[in-house]
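Pasting in a structure now, in C-alpha cells, and then I'll have a few things to ask.
Chain naming follows the written order as A, B and C, and within any one chain the residues start at number 1.
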C-alpha cells in the first residue's frame, strides 16, 4: 500500500504522559529554576559570558541558530505558496508549529539573556528606535512575526479542535475562519516577509564584528547566506521531525512528499554552497581554508556536512529510503546550524587571549528551554491535528472517538 | 729613621683597647659595612679581626676646599663605628682642619709632615670643590690656591676619595652661573684613582666602607663610569623607594600637607628626583634613625648626588622618567579572559553525544533500503488519489 | 519539478520588482544622501591627545578617574589598591604596558573610550542608549533606555563598553569624557592630573594640529609619523602618538571608513524608507492571492469529495 499524506491527524493512540515527556518537562522546570537564579544574581555568576564574548549561547545558539531551524514555516510556506509546491501544504501545520515553538523558546531565552529587560518596552516607541541597528530590526521583527503571522498560522489546528470538541463555540469558529480566509494572503505574505527580514538581519548582526569575525565567514553577503541557510534548515527540521515522529509513533511515511522536500532542500543547499564558495573566491580568502587552523577545520566541517547532506538527499530521494533521508536531514541541520553559529562564537575572536565556554547553568538553561519546546510539541501533536497522515488514519481516529462516544452513551443509559 | 708603622692590632694593644672591644668593633664593621665589600664576605668577626688586625692604619689626609664642612659633619653622626673609633683605631687621620688641634703655621707644618712621612701611601680625602677660574684665586689656603695644593698633595697620594658632591663634580658652588669655575677633583687629578662619593651630604657609611676596604684589603671597591662605588650608587632611588607602590598605583601627594602627603604617598609630583638620582639613601638612612632621610620625612628628593640634577633642576620640578623598569603590576596589552570548566565541557560532550547517539539509534528503526515495495507503484497511483491541497494543474 | 508558465511569470515579477526597488532605494540614498550619510566630527568636538613617549605609567589618570566617576574600587583584599587587568565594570580608564620580548623598549598605553566620530556602538544600539552628543561629540550611555543586550560590546572595535556582570541592575560602563566636569568648564579628570602632560585635552582640530606639530619637530620619533585617530575607523576623538607600532599597544588596524559605513551600508540602503520590504510584500501578496484562490477552489472540492471539513 502506498502511503500518501492527505490530512493532518493528531497522534491519538499515544498517551500524553510518557516518560520522555515527563523527562523533558523536568528539564524545562529545572531550567526555569536556574533562570530565577540568573535574574537574582546577574548574568556573570549564571553564565560564562565575559566582556570579550558578550554574547553567550543563549543569544547565539538558542536565538540566532535555533530560530534558523525554526524557519520551516517560512521556507516551506514560500515553497508552497509562492512556488506552488502543492504537495507541501499538508506539512504546513507541522512546519508552523515547529517554527512557532522554536521562536517562542528562542525569544523567551532572549528575554532571559538581556541585562535590563525592564527597558524593553521602548520597542513599542518608534521614535526611540535607531533605524540603523540590525539588532533593532531583529528585536522588532522577530516578536512581531512570532506573535502575529506565525501565531495566526497556528490557529487553524486550534479552531479545528474547538469545532470538534466544543460544539458550543462553532459559530465563533466559523466567524474566525471567515476572517482568516479573507485576510489569508496578507497574513501569509507577512509571514514570509518578516522572517526574510529578520533572518537576514540576524546575519547582519555579526557584520559589526568587523575583522574580528574570521574572514572565511565575514562577508557583506552574510545576511543573504543566513537567510538562505534558514531556508534549508527549516526544511531539514520539518522533514527530520516528520521522519522522527513517524518513527516514534509508528505513523506512515509519505515518500513522495519527503522526496519533494528533499529535492528542494538539496537545491537550496547546492545553491548555498555555490554562493558561499563564490563569495570566498571573489574575496580572495580561499587560501585561509587550506591553512592548518581551527577555522579552516570548522569551515571544512560545515562544507563537508552540507555536501554530504546534499549527496545523501539526492541519493535517498532516488532510493526513496527514509533512513537515509533522516541522516541526510540531520547532516544538513548540523551543518547549517554550525554555519550560523560559527561567526558568532567559534569564528569570532574579539581580542587575543579571549575565550568563552558556557557554564553548566548556562547549558542547563539552554537545553531546558529547548526541552520545553519539544515537550510542548509532543503535547500539542497529540491533542491537535498537526502531523500529516493518510486518510485511513483519520477514519480510524474517528472510529475510536465514535466508539468511545457510543460507549459513553451506553454507560450513561445504564 | 722612621719607625715601622704598627699594625692595627698592635696599635690597639698599645692603646689599651681590649681584644674583646676589638672583636666587637670588627663585628660592627662586618655588619655595617655595605654588601659587596670583601669585608662582608668574611664569615665571622674573628676572620675580620684577623684581616683588620694585620692591616696597618692607613694615613688619611683630609683637605677642605670650597666646602661647608657638611661632609665632615656627617661623619660625626656615626656611632657604629663612631668617629673616635675610626680616627683612633682604624685610620690615622694625620691632617683634618676641623678636627685637629693645630692652627696657623703649626697646621701648615702638620700638612707638610703628614705628606712627607707617608709619601705615596696616604689616602687623600677631598671635601669641597676646587675653583679654577682666574688661576684658582677664589679659594686659597695659606696663600696658595686650592688648585695648586690639590695638585701638590694629590700627586703624592696613593688614592683619592672625593667626598661630597662638591668634590665629586662641583656641587653647590658650581651652580649656574658658576662664577668661580668650581669643579670636582677628578677633572683636576686626572691620573690618580679617584673615588667619588657624591651626596650633600653623602651617607657617612659610604666613606667608612671605602676606607675600610682600602685599609683592610688594600684596594678600592668597584666603580661605575663616574667613579662612584657601585655598592652605593648603582641604582636610582626610584627603583628602591619604599613609596614606589604608591607611584605604581597613581597615588601622589599633590601639595605639602594634603591628604596624600599625610598618608605618605609618592612625592613624584612634588618634584622628587628619585627617578634620576643614583644613591642608596632609601635603604641606608641618615643619623642612624630609621626613615630619617628626605623622602622618609615627606620631602621630595632633590637629587643631591647627581650632577646636572642637584642645584640645577628646580626642586619642585618633576623629572622625566627614562628607562625605568615598569612595575609587574601593570597589565599587559592582551590579558587572558575566560576559561572552560571541566563540568561544562563534560556536559557539552554529553549533550552532543546523547543527541547524536539517540538520533542514530532511532534512525535504525526507520525503514530503509529493503522496503522497496511501493517504489514501482508510486508513479502510477499518484494522480488518482484525491489529495487535499493538490492542484489539478493549470 | 517543472514550473508552469504562470509560475515563471510570477517569479520574474517579484524578482524584478524587488531588484528595481533595491536599485531605486539605493539610488535615492546614494545620490541624494551620500555626502552626509556618514558623519564628520562636529566642529566643536573635544578630544584628548595621548603621547606615550611622555607617559611614565604613573597611573595618576586612573586614580583621578576613579575619584571623579566614583567607580567601585576593585580591591581583592583590604589594603590592596585598585587593580584591574582590563577595562571593566570598575574602571573606565586603564594604563597598560607593552612589554616586548627584548625587555627594553617598553611602551605604555592609556585605554578608554575613543569617542569615535561615527561610532559602531551608537550604530548598533537599538534604542539609542548610546548616543553621540552633536556639539562636543561625546558618546554617552543612557540607563533609561539601555536593555543590556551588549551589542555595543560586540560592535566596538576597541573593546571599550563593559558590562556589569554581577547584580540585577547591570550597567554599561565606559568613559564619558567627564561630561559633568566639562559642563563646569573644567578638563576631564585624567588630563587634569597627568604630571608629564602625556594626555592633554583640547579641541579635536587643535590637537590634531598639535600632534602633527610634534611629528614635524621630532621626525622619526613617532611610529609612521602619524597620529592614530585622525582617520582610522572614520576618526576618533582620542588621538594617539606612539613610539611603537599601534598594533603593539592594542590599537586595531582599521580602514578609513567607519565601522557602520564599511559594514552596515547595504543594510541601511535595503531598509531605507522601508521601500524594499514594501515592494517585496506587495509582490508576494499578489502572487499568494492568485494561488490562494486556486487553493480555496480545491479545498471546496475536497470537502465535497471526502465530506470532511477542510484543514486550513
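In this section, a contact is a pair of C-beta atoms (placed from the backbone, for glycine too) under 8 Å apart; a residue touches a chain by one contact, two chains touch by 3 or more.
Remember, predicted model here, so these are calculated numbers, not experimental data.
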Check: For this structure, which two chains have more C-beta pairs in contact than any other pair?
Finding: A-C
Next item on the list: Select the chain at the greatest separation from chain A, using centres from the mean of Cα atoms.
Entry: B
Next item on the list: Provide the C-alpha centroid distance between chain A and chain B, rounded to the nearest whole angstrom.
Entry: 71
Note to self: Could you work out how far the Cα centre of chain B sits from that of chain C, in whole Å?
What the structure shows: 49
Next item on the list: Express in whole angstrom the distance between the two chain centres, defined as the mean CA positions of chain A and chain C.
Entry: 31
Check: Which residue numbers or ranges of chain B touch two or more of the other chains?
Finding: 334-335, 337, 386-391
Next item on the list: Any chance you could list the residues of chain C touching two or more other chains?
Entry: 4, 86, 250, 295, 306, 311
Item checked: Sequence positions of chain A contacting 2 or more other chains -> 7, 50-52, 84, 89, 351
Next item on the list: In the complex, go through chain B and note every residue touching chain C.
Entry: 245, 247-252, 268-269, 318, 320-321, 324, 326-327, 329-335, 337, 386-394
Item checked: Contact set on chain C toward chain A in their complex -> 1, 3-4, 7, 10-11, 14, 86-88, 120, 122-128, 143-151, 153-155, 157, 159, 162-170, 250, 252, 259-260, 262-264, 266-268, 271, 277, 280-281, 284-285, 287-289, 291-292, 295-296, 306, 308-309, 311-312
Checklist line | chain B to chain A touching residues, read off their complex | finding: 334-341, 343-345, 347-348, 351, 359, 362-369, 372, 374-375, 377-378, 381-382, 385-391
Note to self: With touch defined as at the start, can you tell me which chain A residues reach chain B in the complex?
What the structure shows: 1-4, 6-7, 48, 50-53, 84, 86-87, 89-90, 243-244, 246-248, 253, 255-256, 319-324, 326-327, 330, 351-360, 362-364, 367
Notebook entry, point to check: Hey, which residues of chain A end up touching chain C in the complex?
Noted result: 7-8, 39-45, 49-52, 54-55, 81-84, 89, 93, 113-117, 119-120, 122-123, 125, 128-137, 139, 156-157, 159-160, 163, 177, 180-181, 184-186, 188-190, 192-193, 196-197, 201, 204-212, 220, 223, 260, 263, 350-351, 385, 391, 394
